[in-house]
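Next come two complexes built around chain A: one with chain B, the other with chain C.
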Partner chain A sequence: MVSLVREAPMDTCVSGQQAQRRAYVTLVLISLFCLAPFFWVLLAAFDPKASQFLRLPDSLTLAHFHNLLTNESGVRWIMNSVVIIGSATVLTLIFAGLGGYALSRTQAWWKRPLLYAIILVRIVPPPALIVPVYKVMLTLNGWMHGFITGLTDDAALQTTLLRMFSFVDGYLGLILIYTALQLPLAIWIMKTFFDAIPKDYEEAAALDGASQWQTLRYVLIPLALPGFAAAGLFAFINAWGDFLMPLMFTSSPELQTLPLGMFRAFLRVDAIDYGFLTALAVIYTLPAVIAFAFARRFLTQTFSGGVKG
Partner chain B sequence: MSKIELRGIKKDYQGTEIVKGIDITIEEGEFAVIVGPSGCGKSTLLRMIAGLEDISSGELVMGGKVMNMVPPDQREIAMVFQSYALYPHMTVADNIGFALSLKKVPKEEIAKRVKDVAKMLELEHLLERKPAALSGGQRQRVAIGRAIVKRPKVILFDEPLSNLDAKLRVQMRAELTKLHREFGSTIVYVTHDQVEAMTMAQKIVVLHNGHVAQMGAPLDLYHQPDNTFVAQFIGVPKMNLVKGRLQNGLFTLPCGEQVQLDSGYGSAAELQLGVRPEHLQIVRGGAGWEVDLVERLGVETFIHLHCQTQEQLVVRQEGDCQYEVGEKVALTFAQDRCFLFETDGKRRLPAVAVAAAC
Partner chain C sequence: MKPKTFEARRQFGYRLMMTPALVLMAAFIVFPALYAFSLSLTDDALLGFAAQESSFVGLRNFERLFTDPLFWNSLKVTLIFVIGSAVIGQFVLGFLSALTLQQPVKYKAIFNAIICLPNAVPEMVVGFLWISMFASGEYGTLNRLVAWFGVEPQQWLYTFPLLSIIIVNTWRGIAFAMILLTSGLSSIPKDLYEAARVDGATDRQIFWRITLPMMMPTIFLYMFISTVTTFAIFGLVYTLSRGGPANSTEILGIYIYNQSFTAFQLGYGAAVAVVSLVVSMLLGILYVRALKVEV
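For the complex of A and B:
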């Protein structure tokens, strides 16, 4: 973009420097316009008198965060989000690792059709899937209910188990849905990544006496770490940002995730508490940033020099 | 140390036969080189010995045991890959010691054996480095170290020198020969480079289109090739081949040039005469051949000639000989060093074998 701006005034006879300055001022203004909402969220979260206007706070406070984490169910929302998305990410990585490896190494005729079928799942917009998925989950849920109520008569234990393993209004349902939604992209990332790892490493390991598991553990997984980091990051951030699935598949307040909590707080009929909402937004953003910072170490770590030719 | 026998080994890959029935015996402690042009099946053959590739039919016997279905790690072999395949996330020491740590060898012993191997290969100062920080020759050494640390009975090499520059290749050839002498393992070495085969092998197996074209000691192949393929594959520059007719021991080239041979060969209208560049001599001031190209290598000179019917020959001369392109010369053939081949490439032997003096 800069280079385009730079070239134009050279041809016309306007002073080049002046034109360039004008271009930069424009760019800075556009950037400020784009960044303003972020500044507002960050400032308002620490402003005791937060309002809907962007302003520099007179003093800084952590009261909004305190309120969120103690008076409101902030901790529970965070925990719900972390447990559900975290489990889904781990499951996604396990299945994507195994599937990506298999799809990378097989030469079977169904390889291409299957790969395109997998990506097709990704193309369907999730809202279009809600009704059939809900139907499936509801059926499974019926079985699970029967199983759990048959397992114990203790009402408290039943409630806990139901909350964890229900397909509708339970952790398990959301974890499976997120895993299913994130798997296609993750499998593709891992497949592409394993494609780039020469088969020679596995053959060398086989001659060194490594079993399948040892080859996986000591050779393939370390080599595929950047791929896992990329796939995991995409899965985590995508699922973390999702609002629709918890809205459709949970009803108990105890199972509310962060975005849902934020949404319901926004809809409250009494006056809108901007400080509370922005604090929630900051906390909602943090894990994604942390996940990125964590994955970045692996993303940039590439291996070379093992094979040649 | 282990003797390797291949009995009627075949490899069928999706309906195409790549290896078409091979019988080879490699003696215990022997340095055998399998050589051939690309696509001749030599790497496939090696991978079958390693156990990385299934054997379609035939028997692989090592140390008296049939190994067809034995997994690679139980064949007591090691392999050095063309790509080296060093684990890039491990240090040199971990790379060399990986096989031992998988076998749950105690840590102190692994450290000791890795150190011994590193000393032998002059890698001691590199043990903590990752493969990315090594030069091509050093990586090659690590790959060899990884193979010998297991004290295998057989070491397989798959074109190990093809990624090195020419100078390093000469050095590594000498080191491999030395290593074999010290270590005594049976070595099966695959290459497309006949120079590597000639310099290192005790036995050369020339592979052509999935068949053994000939096998034997390096100089036997050089002096007594069974067919035109081996005749032209072994030796640089390759052996000259010219078509012609044979009558009463007199071989006549299409251009009229005649070569006197042993009379025991019989007669035929269509034969090929093979003669190496060093067994031709240029006669100054003669006629019949014209100089096309003069290649000076310092110690020797290769002169490319053609006659009026466009037959071409290469002649090896002294390094400081003076010939001009376009110069007319005559040729003499060392008749006891000429070979006759049938049109299908098979060598025709005289009724009374001529002893080829070496």
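For the complex of A and C:
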């Protein structure tokens, strides 16, 4: 992980060992607080007798992971999450790339109001949207069902299509809402990165006879790659960790993503399989931690949504 | 109708590129946010007669809202949650971490990584991990820890529900505060410190007279972002407590969810959502005006 911390401004005046010791004590205490909840999940995931309580395993096993990856529902939850969040991230990147570029280059009167509006859109709390979005999704879902049932009489094909393109209890609805929710931040990030690419590059490419598409493909996209990385990582992390949207829009067990599957398995109070759930928690957390490790270096540039404080 | 000049065509192209993003944000965020206002004036419901044919009821939902003790309770819980975790917990520990990591200590990268770890954990897993931490009985992790200090085993999520969720959210957000405040600290010119040292200032004086005043813009930015994001939290608390026991952790997001999808009163839920939208938009407008955001 890349450290952002610059060399200390105070190293000219270390007030001796005591300050040093105090610094270590502070850091160790905060680190223990941060690490404490992880010990249980990391031990229980490899413990044949996993329970709700922290304990040192007598022996280690990979059975829980094996069970999870051969168990039909475990694999399905992982696949559902990967498909939905993956698609949403790709869509976010495409739309934010286009939008961010346009917002960076245009001089139109709507540029400034639009950028402010996007900040406001970004801070709309998702829980405040659930009722109206639910109504919107139901309406769209009705149209989509009418369309699909009109399209084919084949029952099996209908089921597959409905699963993929339904707004409620289907992939498409979640993909689109995640894309919409991640777009404001992603657009700001992309706009900021495109701002840093001088217009001369495009003009030079155009003078050399490059087409618009070639300019985009060979000049702009390569230069904006860090921007795409930042926007994509944040979109992925936010959507991957979200719990509210699947809770709202998924009911069939076959369509559950990781958080909802985990939540429902955890609700069966009498039959909680802690080995299965801790292994699942480890697998669910890993991609987010890896993505965060890469995203870390972009964090300061982008938190305010490109807003310079 | 195709625009003719080169410049006009280019402007047209920019608008075209904006379109997909704008359509999605309009359809799933802006329109629903406005739609919440009109829904809040109806008796719409998930089940029963009103689900078929909802009717206009004027401000009745708001009248009920402002006399509903559960709504006021939810506002109070939200306020305590935001102040306790974002304004105090995350800020104090994050600032402490940032300041300490500015000092010449070893293993900076490792401490940094450890403090960042909770921030990457998905909401559902956060709830799952902390339910084990807070588990009651003498084998619960936290109970075993406090037993060293002679404290009896507690039922943390029942006896101290609000404090518990504040601790969990503090845990999750230290990294965010630390990273933002570190970037603020590193932009303070070093000559200021050197000049102060030459003049014989103590560490404490330097902190209160130089570091803190110079950090004010960053602290303001942090307070804004963390307040807005904490105000929008749902999953973290829902997976831990679902708003209980007895509404003691029912932050605004959970109150909206419970009223709309557990009590099936969509119109009333929309009225609560309107309050939440108005609060966050006011915060947002204040922020944009105060910072004079550079575009």
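What we mean here is this: the second predicted complex is superposed on the first by the 256 of 309 C-alpha atoms of A that agree within 3 Å, B and C clash if a C-alpha of one lies under 4 Å from a C-alpha of the other, contacts with A are read in each partner's own complex, and residues count from 1 in each chain.
The criterion applied here is as follows: a contact is a pair of C-beta atoms (placed from the backbone, for glycine too) under 8 Å apart; a residue touches a chain by one contact, two chains touch by 3 or more.
These numbers come from a predicted model, not from an experiment.
Shared-chain residue A:271: touches no atom of chain B or chain C. Contacts of A:181 after superposition on the shared chain: chain C is touched, whereas chain B is not. Contacts of A:262 after superposition on the shared chain: chain C is touched, whereas chain B is not.
Of the two partner chains, chain B is the only one that A:207 touches; chain C does not reach it. In the superposed three-chain model, the partner touching more residues of chain A is C, compared with the other of chain B and chain C. Legend: residue contacts after superposition of the two complexes on their common chain; A:155 is shown touching neither chain B nor chain C.
Contacts of chain A with chain B, set against its contacts with chain C after fitting on chain A, overlap at residues 303-304, 307-309.
Note for the complex: chain C touches chain A at residues 11, 13-15, 17-18, 20-22, 24-25, 27-33, 35-36, 39, 44, 93, 96-97, 100-105, 108-109, 111-125, 128-133, 135, 137, 139-141, 144, 171, 174, 176, 179-180, 182-183, 186, 188, 190, 193-194, 197, 203, 217-218, 220-221, 225, 228, 231-232, 234-235, 238-239, 252-254, 256-257, 260-261, 266, 269-270, 273-274, 276-277, 280-281, 283-285, 287-288, 291, 293-295.
Residues of chain A that touch chain B in their complex: 198, 200-201, 203-210, 214, 218-219, 222-223, 303-309.
Chain A makes touch with chain C in their complex at residues 1-15, 19-20, 23-24, 26-27, 30-31, 33-41, 52-55, 94-96, 98-99, 101-103, 105-106, 108, 111-112, 114-116, 118-121, 123-136, 176-177, 179-181, 183-184, 187, 237, 240-244, 247-248, 258-259, 262-263, 266, 277, 281, 284-285, 288-289, 291-293, 296, 299-300, 303-304, 307-309.
Those residues of chain B that touch chain A in the shared complex are 50-52, 71-73, 77-79, 81-89, 98-99, 102-103, 130-134, 136, 139, 146, 150, 162-163.
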